[in-house]
Every structure is written in C-alpha cells, then in structure tokens.
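Sharing a structure, written as structure tokens. Questions coming.
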Amino acid sequence: MIIVMSHTASDKEVKAVVERVHEIGLKTELSLGEERTVIGVIGGNAYAYRDAFSHLGGIQEIIPITKPFKLASREFRANNTVVDVGGVKIGNDEVVMMAGPCSVEGEEMLLETARHVAAQGAKVLRGGAFKPRTSPYSFQGLGESALKMMATAREETGLKVVTEVVSPQDVELVARYADILQLGTRNMQNYALLQEAGRSGKPVLLKRGMSSTIEEWLLAAEYVLSQGNRDVILCERGIRTFETATRFTLDLNAVPLVRELSHLPIVVDPSQATGRWSLVRPMSLAAVAGGAHGLIVEVHPTPNQALSDGAQSLDFAAFDRLMSDLRRLLGAMAKQLA
Amino acid sequence: MIIVMSHTASDKEVKAVVERVHEIGLKTELSLGEERTVIGVIGGNAYAYRDAFSHLGGIQEIIPITKPFKLASREFRANNTVVDVGGVKIGNDEVVMMAGPCSVEGEEMLLETARHVAAQGAKVLRGGAFKPRTSPYSFQGLGESALKMMATAREETGLKVVTEVVSPQDVELVARYADILQLGTRNMQNYALLQEAGRSGKPVLLKRGMSSTIEEWLLAAEYVLSQGNRDVILCERGIRTFETATRFTLDLNAVPLVRELSHLPIVVDPSQATGRWSLVRPMSLAAVAGGAHGLIVEVHPTPNQALSDGAQSLDFAAFDRLMSDLRRLLGAMAKQLA
Amino acid sequence: MIIVMSHTASDKEVKAVVERVHEIGLKTELSLGEERTVIGVIGGNAYAYRDAFSHLGGIQEIIPITKPFKLASREFRANNTVVDVGGVKIGNDEVVMMAGPCSVEGEEMLLETARHVAAQGAKVLRGGAFKPRTSPYSFQGLGESALKMMATAREETGLKVVTEVVSPQDVELVARYADILQLGTRNMQNYALLQEAGRSGKPVLLKRGMSSTIEEWLLAAEYVLSQGNRDVILCERGIRTFETATRFTLDLNAVPLVRELSHLPIVVDPSQATGRWSLVRPMSLAAVAGGAHGLIVEVHPTPNQALSDGAQSLDFAAFDRLMSDLRRLLGAMAKQLA
Amino acid sequence: MIIVMSHTASDKEVKAVVERVHEIGLKTELSLGEERTVIGVIGGNAYAYRDAFSHLGGIQEIIPITKPFKLASREFRANNTVVDVGGVKIGNDEVVMMAGPCSVEGEEMLLETARHVAAQGAKVLRGGAFKPRTSPYSFQGLGESALKMMATAREETGLKVVTEVVSPQDVELVARYADILQLGTRNMQNYALLQEAGRSGKPVLLKRGMSSTIEEWLLAAEYVLSQGNRDVILCERGIRTFETATRFTLDLNAVPLVRELSHLPIVVDPSQATGRWSLVRPMSLAAVAGGAHGLIVEVHPTPNQALSDGAQSLDFAAFDRLMSDLRRLLGAMAKQLA
C-alpha cells in the first residue's frame, strides 16, 4: 500500500502517519518527491488497514499495490485450471457447449431438448429449477421435481447437468442432482451461498454480477476457493450499462482479461446477456474467437410457448446452425468441440 | 401491452399475432396507423406473456403499459405509509435519524456511540453484526454477540435497533433482537431472503441494489409486501456508475421520484454512497431538502481505529455539526426531527 | 405515438388530451382497456410533439412507436450499403483492415508503419494529425504537416488514408488529404461538425460516442446522411461503464444489432476500446467472428516510444500474428480479407 | 508516478525499467517490498510518460500520484474563485438563480418569462439560440435572432444573459450578445470550442459531460483556464447511468466534491438532469442544501406549447413556489439569494 501525502502536508502530519503505520505493526519506506511525500507501507495485507488512516490530516490518497485476490490469481497458479465434470473437461483447448431451456417446464420438453442438443454435440444440459425472478408474480420454477427431470435426462443422454441454486439451504438438495452448481448474477455477492457452495464438493459455475467489476468477480470466486473447492468456472453473462437496446451488455473483453489475471476457466452466456435470440449466434462465435472455454446457451423446442425468456431462446434449427458455424470456427483456430 | 408491427409486416403476420393473443385468452384491439399496425392486448397481466410472441414474424416491438409493481404503487394506496417502529414513526413529516457504527466492534464502543447519538436526537441505532464483505479476507462481523450488544444499548438508551440480515436462516435470529431488519444492497434480489423477511413480522429497511432501477427496487419491495408485511422502508444508498471519485453515486433523484410512484417511506444512506466522511454532511442536508423521511449515517467514536469503513464514518464532533445543521434546515421546511 | 392514461384519469382529462392532439393536427384512436385508457396518436412524426402533453393531467406515460432514424434504417434500405473508398469496398463480405499509429509522430515512423501494414494486407492507413486529448498538457498532434506525411505514405504504398477531424473549420483542409474523414467519440454529437462532414463529399467513419446508445449513434449518422452524404461507416470503439479494468467496454453486441437495424457498414476499434495491446488480438478476432466489416487497429514500430497511447499499440510482430489468425478465421467463415 | 513490478519480475526487468526512466530524464527511487519491487518515478509530469513503459516486461501496474489538473485545483488556489458577471457574483455565499426557456421561441414569450423570473429574484436569463439536438429532424433554435431577443430582454429587465455556443466559429457572435457563454454537455470535450471560449474574454459556464468523470470535467475547465480565462463556472447537469426513470442521474455528490478539489464555483441544472418538471423543485432545494452556488432552471409561460423540453419546464406558478421555498431554505443556512 502507498500513502500519498498532500503537497501541503506538514512534517508533523507525515510523522503522524508513519507512527500510525508502525503502531499497526507494518514497516514504512519514505520517498520525498519534488512536490510531495509518498509513504510506502510494507506488509502482505497492508491495504486491509487503509481505514486506519482515513481521518489523519495531510493525506491525499491511499493506493493498493497488490491485487486483493490470491487463490484465483494467475500469480498463485501459472497453469490453467481444468475442471473435470465427470469426464467433461472445462478449461483446456476443447470448447464445451452447455445448452437447454431457461426453465425446466416439464419432462417431455426437457427430454426433447436434451436429446436434440446432445445429438448436436453439447456436453452439458442447462435448465432452471429454482428461478430468481424480478417480479414476485412471474413463474418461479418447478423446484425439486425439475431437478429429478434433469437427472432423468442425464441418464438417457449422458449429458452432465448444470442448474442454479439460489439459497444456502438448497445447496445440499441441488448438489444431490446436479453435476455443476450455478450461482446466478443476483447472487454473486451472496456470501452465505458462496461459502455453502464452496463446501458442497461440486464444481461451481459462477456468473458475473451484472454490476460487478472483474476484480469483485474474482474475489467472489475467492470465497468458493477459500473453502477448499478449486473447481470454479467463471461465466460472463453481460453487465448493466446505459444501453437498453440489448438486455445487458455482454462484456467479451472480460474473456481475454480474465485469462490474463486468473487460471480459472471462463465460459460465456450470450442468451442472458443480449436478451435477443438473433444475437446469440454471432455473439457465441465472437466469444469463442475471443478465447472462451465454453458457451451456455438457451434452447427451447418452441420458444413461443416458453414460460420464461422465450425471446432469447434458440429453437432447434437456430441451435444447429450455431453448432455448425462453431465447428468451422474451431477448426480454423486449431481447437475442437469437447 | 402493445404489440407494434413492422411497417413491412404482412396481413398474414398480423393475423398470426392476433390469433396467438386469442389462444392465450386475451383480447385484442387493432389500430391501423399510416405506417404500421399496432395491436393493443387487453388483460390485467398481459405483459407476462410477451415471450409468447418473441419468435413470430413481423413484430417490431412489444411495449408494456402497466407498471409491474402493484402493492408498492401509489395507485394501490394514495396515502403515505407510515411505519411505526415501537413508537418511532417513519414516513410522516418528522425526519428520523438512524446512526451508529458500520460494524459493532465491541460493547464499549457501541454503548459510547449509542449514548452520544441518542443525546443528539437520533432515534434508531444502526450497527452491523453480519457483514457482507467483498473479500473473504476482510472482517466479517461479530454475529450474535453483536446482536446482544445492540439489545443492551437499546435498553440503556431507548434507541430502536436496525441491523442487517444476510441469509434466510438468520432471519429468525436477527428478528429476535432487532426492531428493523435491514436487507443490504447485495441482497436486494435475494428472493429467498426477501420472502423470509416478509414473513418475519418485523419492519424491513430495503436498500436499493447498487445496479437496480427504481422499478426493480419497488418490485423487490413487492416480494416483501406480498408476504403480508406492509412495513417496508426504502433506502437509497448509491448506485454504481462510471464515476470513481465517490464510492457510489448517491441518486437523490430517487427520493422525490419514489415519493411519486410509491406510498412507502424513503430514507437515505450518504455514508455508504459517498465513501467519504467529508461528503456525508452536505449530502445528508441535500437528501432531507429533497424530501427524504430519514437518514442512516455511520458514526464511530474513533474512525481511525474502525475495523470497517472508517473513511466514511463521522466522528462525534462531525455528527453534532450535522444534527445542528439539520435542525436549522428542518425548521425552514416547517418539519422537525422525530 | 401512444399516450397511456393513468387508471385514475377522469373522462375530462382523457378528453383534454384528445383535444390537444386534434389541435396539433393529428388523429386519435381510443382503446379502453380494463384498467386504463390508451390513446393512439396517428401521424408520421407524432412523437416530436410529445412535449405538448407533458403538463396535461392524468397521463401516465408517452411511448414512441416509430424509430426516430430514417435514412440510416434497414426499413429505409433493405440492402447493405457498400462504401467505395477509391476501390476499397467496405460493407460486403470482405473484411477491411485499417492500421497505423495513434498519432503521426514523423514521416519516417509513418512510412515504416505504412509499408509494414500494407505488406501484411491492410488496405487503409490510420494516423492522428489532430488529436483530441483529455488534458491540455498532452501532445496534440502535428496538424497539417501530419496530413502531408499521410499523403506521401499513400503515394508510396497505395493505402487509403483515414484521419480524424475535430473542428468544422478543418473539414475542408482534412478532406483535401484524407480518403475517409474520421469523427471521434467526443464529437459524435458535435452537430456542426457532423453537418460539415456531410457536405464534404468524403466517406465518413463515425465513431460511437462513449456514452451513446445505438439509437443516438444512428441519429448522429442521420445528420451526415441528411446532408446527402450516403457514405457513412459506423465504428464501435467501446462505451463507458463502471468497469475500470479495461479503458472502455467494447460493446460487440452492437455489431450484429446494428446490422439488424441499419444498412450501414460497421467496423470495430479494439485498441481504443480496451486500452491494452494484449487484448487487441482476441477482441479483433471476436469482432470479425461477430460480423464486423472491418477493423481499425493501432500499430507502432516501437510502442514504448509512442507519444500517445503506446499501451494499446501493437508492434509489428503482434500485428503480423493478428493478420495470420484473421486470415485463418475468415477462411472458416467463407470470407476473406479485402 | 509509481511503477509496480510483478512479483515474478526478474532483476533484469527491474533494471530495464529503471534505465528507461533515466533515459527520459526522470529520477527513480526503489522500494523493495516483501512480495514485489515498487519504483517511484520522480518529476513533475512523470505520468505523461507512462506509455513509454507499456511494453516492457515485468510491470504489473503504473499509478499516477499527482492530479492531472493544475489551474483548476484547490492546491493551485486555496480561496474560492468568485466570477463577476457585470456585478452579479457567482461563487460566494449568495446563491444565484438563472432561469428561462429551454429554447428562445419568440420575443414575446421570452420577454414575458424574463419579466416574471426577474420579478421573482432571478439574476440571469437562460435561453437557447443554437440547440444541439439528438435528431436532425428536431427544432434547432432561432440562431442570431434569438440572441437579439435576449439582448432586448436584458435591456428591459437588467437580467444577465447566458446562452449556449456549439461551434468555435460562433464564439465571437455569441460573445457579442451574451454575458456568459454556455458550453453544453455534448461539447465538454470539444477542445477547439473550449479553447476558443477561453480566448473570448467572457465567463464560461461549463456543463459536465454526461459521461465525464469529475477529473475529466476539471481537465476540460483547464483547457479554458489555460487560455488565460479564469472565469469558469462549473455546472452539474446529470450523468448517464443505467437508470431510465429519470432522463439523467443528477450527481449531487459532485457539488461538495468539486468544492473540495477545486476553487471554481459550481451550479446545478435540475431540469436537464431529471427531465421531469415535478422533480425540479425538490432537486433544486437539495442542490442548494448540498452547497451549490447557483441554479439554472427551465421556465416557460406555457410548457405544453414548448418547442423543446416542455416536460421539464416549470410554469410560472411552479417557479414561484420554488423561489419561495428557496428563500426559506437559504435563511436557515445563513445564506441568501444574490
């Protein structure tokens, strides 16, 4: 941490800051610039003490110099983490397609979708059992019976299952059925839930909070990792900006940037992000060209009849076209579908 | 709900949309403009079915015409709701001051603060027992022992107690000690928690999500209200914008606007919003001049020693200056402190 | 335009609105819903009169139903516009690479860069002569002498020239040297400049304002188009969001969305957007995979010595790697480099 | 400027950075922390050279430690600047009301408005002659004839005149009629215009760019100040955020913060910011309670008939109520209307 003194700071003010640092048990290193004094504060976790200085006189700014996340950082682990979901590997040179309906609406539609996406090369089935909805008057999901349907679909198709959990009490229940626990954008900073998921023994798909910086996202991952669970998959799903033409702004910059900052795999959800099915194919291709390790896409046999988010769901024909374009793209990148 | 057809839509496409509306059981009203056809869809909850049209051809746009919140709306209830917290009324012409430390750090500091703010005219004591922190390595609060200290402070000073609850499992515990349950910005869309708080029988202070629109905020209130709990106090606490000079951007526009749209009381937290104690006094005065029913402010006996958020905490002298300015301001507005 | 009346609106209030519409010379169509009355206002430019109703009682909301841009819209022109810059076509299935230094710093570095990027397949040379800089103390560009250097580079290499113009007075001067006039993000709503560029007879590269919606961007294009200049190339260059890890947030959703809404070609600037050279290659590939008609990229022979924006400039080796990856990607998409 | 090396940086990489600093002619000071080396770079304008390091290996981050604005800073000038507009002082303890129509639509309506607001205590007449409009199809203002009407209104009422200038060529013309040149939000980074206004000899009202940070705003002021014009009045007018319920988000935090960072006066425009006349009174009071030196408010004799922005204009009765509330508020603050 660095404490920048104001150019009007007195010697007494500088001395008071230095003494406060020493009281806390950290070391200082003074740098007397032309215009102002800068105090380096040395010690692993120095920035955690920044509030201790906030009311002292003569300070202009306090600047951290260490990234606050550790276990998630590329510095902690130089090699990519590859999450193994019962044989499906996420984080290497094979791109993993996860697909399925926004909500599980019934067994028939789920099986029909699962069979179709599996035949086209998807490896993971997505589907909402517990739905966090902005309005209390919207459809909230089928709960455990949806989980059972997903387990049935897994048995029949061999697809792995990813589904969202929205409450710490439900973690154990959802973990009984799912292969990957999804933590949604509204719960990225639900720390009780993060920790419970960290203790579940299951891989976690951690969606980015719609107004979270990349740093906060990696700190949320840190909550899971620090419980001993190393199988975290990050998922970019759009951030909230002033632009209203798309539901959210898919921030694909996050893909290569997260790959620089962290060893964790990153996948992209273009359905939630754009809110428009016609943008899902081009943004999927863009995500993979930018380095994403996988995609999670909403597919519905009859989007017009969907109980939630039909506007952003692909029908089977549109999904097939995406898979075919994706295969061609991956070939050009010397990669392949998982 | 209104469905705007594209100017290139064929008669067949218009007919298909109309038929779909009728299938759902809603009525239509056609308006043939110069350039395009507009289909009015009549029925209380029509917009909930918008996805049913998302894949039909020839549609340009689907527009809701009813606000999605009901119980929270001014249309539902014309008169202001006044929440009665054991005799302290929030929502009328008296402005309520809530003050106290960010985190409860120990009994002594809490009592010292409680006595001071009570003597100056505060009516409610704030203080964190369970702290949601961005980093897993930051201080997370003292938990139940902090709740007990707050109850002790209540006994001694007569202040009511407001404190945050972060997990549905903890609602019953926190409700045993607190007079008002605070739901924080990171949990505004934690629906399991909202519903549990709605069933607690306690007034709820619902902070605005840092990236939530006013509409989403009122819909979150709707989750609490729809459980039968009518005692919801809204709290503006800053939204996330591109500006980094303040921690968040305190959106005071929300104060008069919420008062137009809703009957619920609204208070303002200038400490969390600005992140700088020197801005707390001017923004508190601004909030009250703009119509806020109360303030919630961080006060610490020695902000330099605070375990969290010292930079935004007022010391006693700064708090006293605020209270004195506030009294003068309220006098000019023909209002008074509660 | 649709005027939604409040559910408490009286018959008298509805009548007053209808009369006001007729006074203006527009027609009405009434729709009496279960909860409220909706008044359709018929007439091409009705929404321009919305302010005429803002102080009448009983109105809940006024909603436009026609997009405000015309000449830029896909409805106006179904086929893609292909801008012909002296034989280089922008807007068809060939992807055009524009490359060069952020600022023209001297003839030697410019020629060296031009030769290199031309040899690798670029078709247009970019380079700043007039630089809009946030601080008055930063390097502001070499002005006309830089324009002359660019003309020299064109002669030697055959590359077309794109450069920014920042003031209406300079349009004639810059148009004398440049093949494409660039209008920068800070000037997207500088209407005097837009109109002057519209009268210049030169193709215009219109960068998106960093806080402009896609609708405002297309309306800015409308300013140029309405002067009779049909050669507008849109350029996505990142929008301002809360995320500070990248300089701006490159909004690639804009690429397929603009292609739906408009017939104009769209190119992408990943250098300005990300502010980090290491992100330029992945985001360039993502942009093209998402459907961009071209790229505009900063290249510098020795980025460490650059007078502006060295951090986001590719050196020659990085540029070559990008071109090689791009060729492979385009092959997979059945496209090619222009 | 401080250069933070990565914890994996080699001695050779550290040495290369140090040598580069010396080549540029700046001095270094090394600090060897437990985890990483930090290099202090000493010299007034060091941060301007940050790009020189962007491609060197082993660097984690480059951090400025001096604010980039100088003439606008409180450090440069400790006392408040008071701008004297022909006897009307802006920047001291008297609050200045500026009021008038969005656009000048004719002499009669302008005079009627001017007489009314002057009688109520306004000191400056606002009114648009040149209007920057998002759409080329909207009313663009009456130009010079509007300027003449404003001069007539000044003669009759004694009000000073503030009006916007949108193009460098028009500065001389507008300066002939106006007492204060307004630079609008879309032109805050139109540097040609800023510099021309800086040379005009007239006070400048500089509106904040709708997506500009406070730092960028003060740097824009610096462009005017650095031309020798010290009479800059800052005007907060709302920033663009995700919230769409108000036209913009009025950022009142900027008022006390600008007063900390700068000596320049700051006024607030609640009409442009909120876009709703019903919010103008509460937000005006909030702005003044928060420390604003003045207000600029839209007033129209018949807002329903306004050619632009009627929805946000006060009618005379609403303006009178505002003035009366304002007087009471200022009394409580020991201030008064200018």
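General observations
Every chain is named by a letter (A, B, C and D) in the order it is written, and numbering of its residues begins at 1.
Rule of thumb we're sticking to: contacts are C-beta pairs under 8 Å (C-beta built on N, C-alpha and C of every residue); 3 or more make two chains touch, one makes a residue touch a chain.
The model shown is predicted, which means the values in this text are computed figures rather than measured ones.
Looking at chain B and chain D, the chains that touch each of them are A, C. Counting C-beta pairs in contact across A-C and across B-C gives the higher total for A-C.
Ranked by distance of CA centroids from chain D, the top chain is A.
Chain A and chain B have Cα centroids lying 26 Å from one another.
The distance from the centre of chain B to the centre of chain C, with each centre set as the mean of the Cα atoms, comes to 38 Å.
Taking each chain's centre as the mean of its C-alpha atoms, chain A lies 30 Å from chain C.
Listed for chain C are residues 211, 240-242, 244, each touching two or more other chains.
Of all the residues in chain B, the ones that touch chain D in their complex are 211, 213-215, 239, 241-246, 249-253, 255-257, 260, 273-274, 276, 278-279, 282-283, 285-291, 325, 328-329, 331-333. The touching residues of chain D, when paired with chain C in their complex, are 20, 45, 48, 50-56, 68-69, 132-138, 166-169, 186-187, 189-193, 209-211, 216, 219, 222-223, 226, 240, 277, 303-312, 315. Against chain A, in their complex, chain D makes its touches with residues 2, 4, 6-8, 29, 31, 33-36, 38, 40, 42-44, 60-61, 63, 65-66, 75, 240-242, 244.
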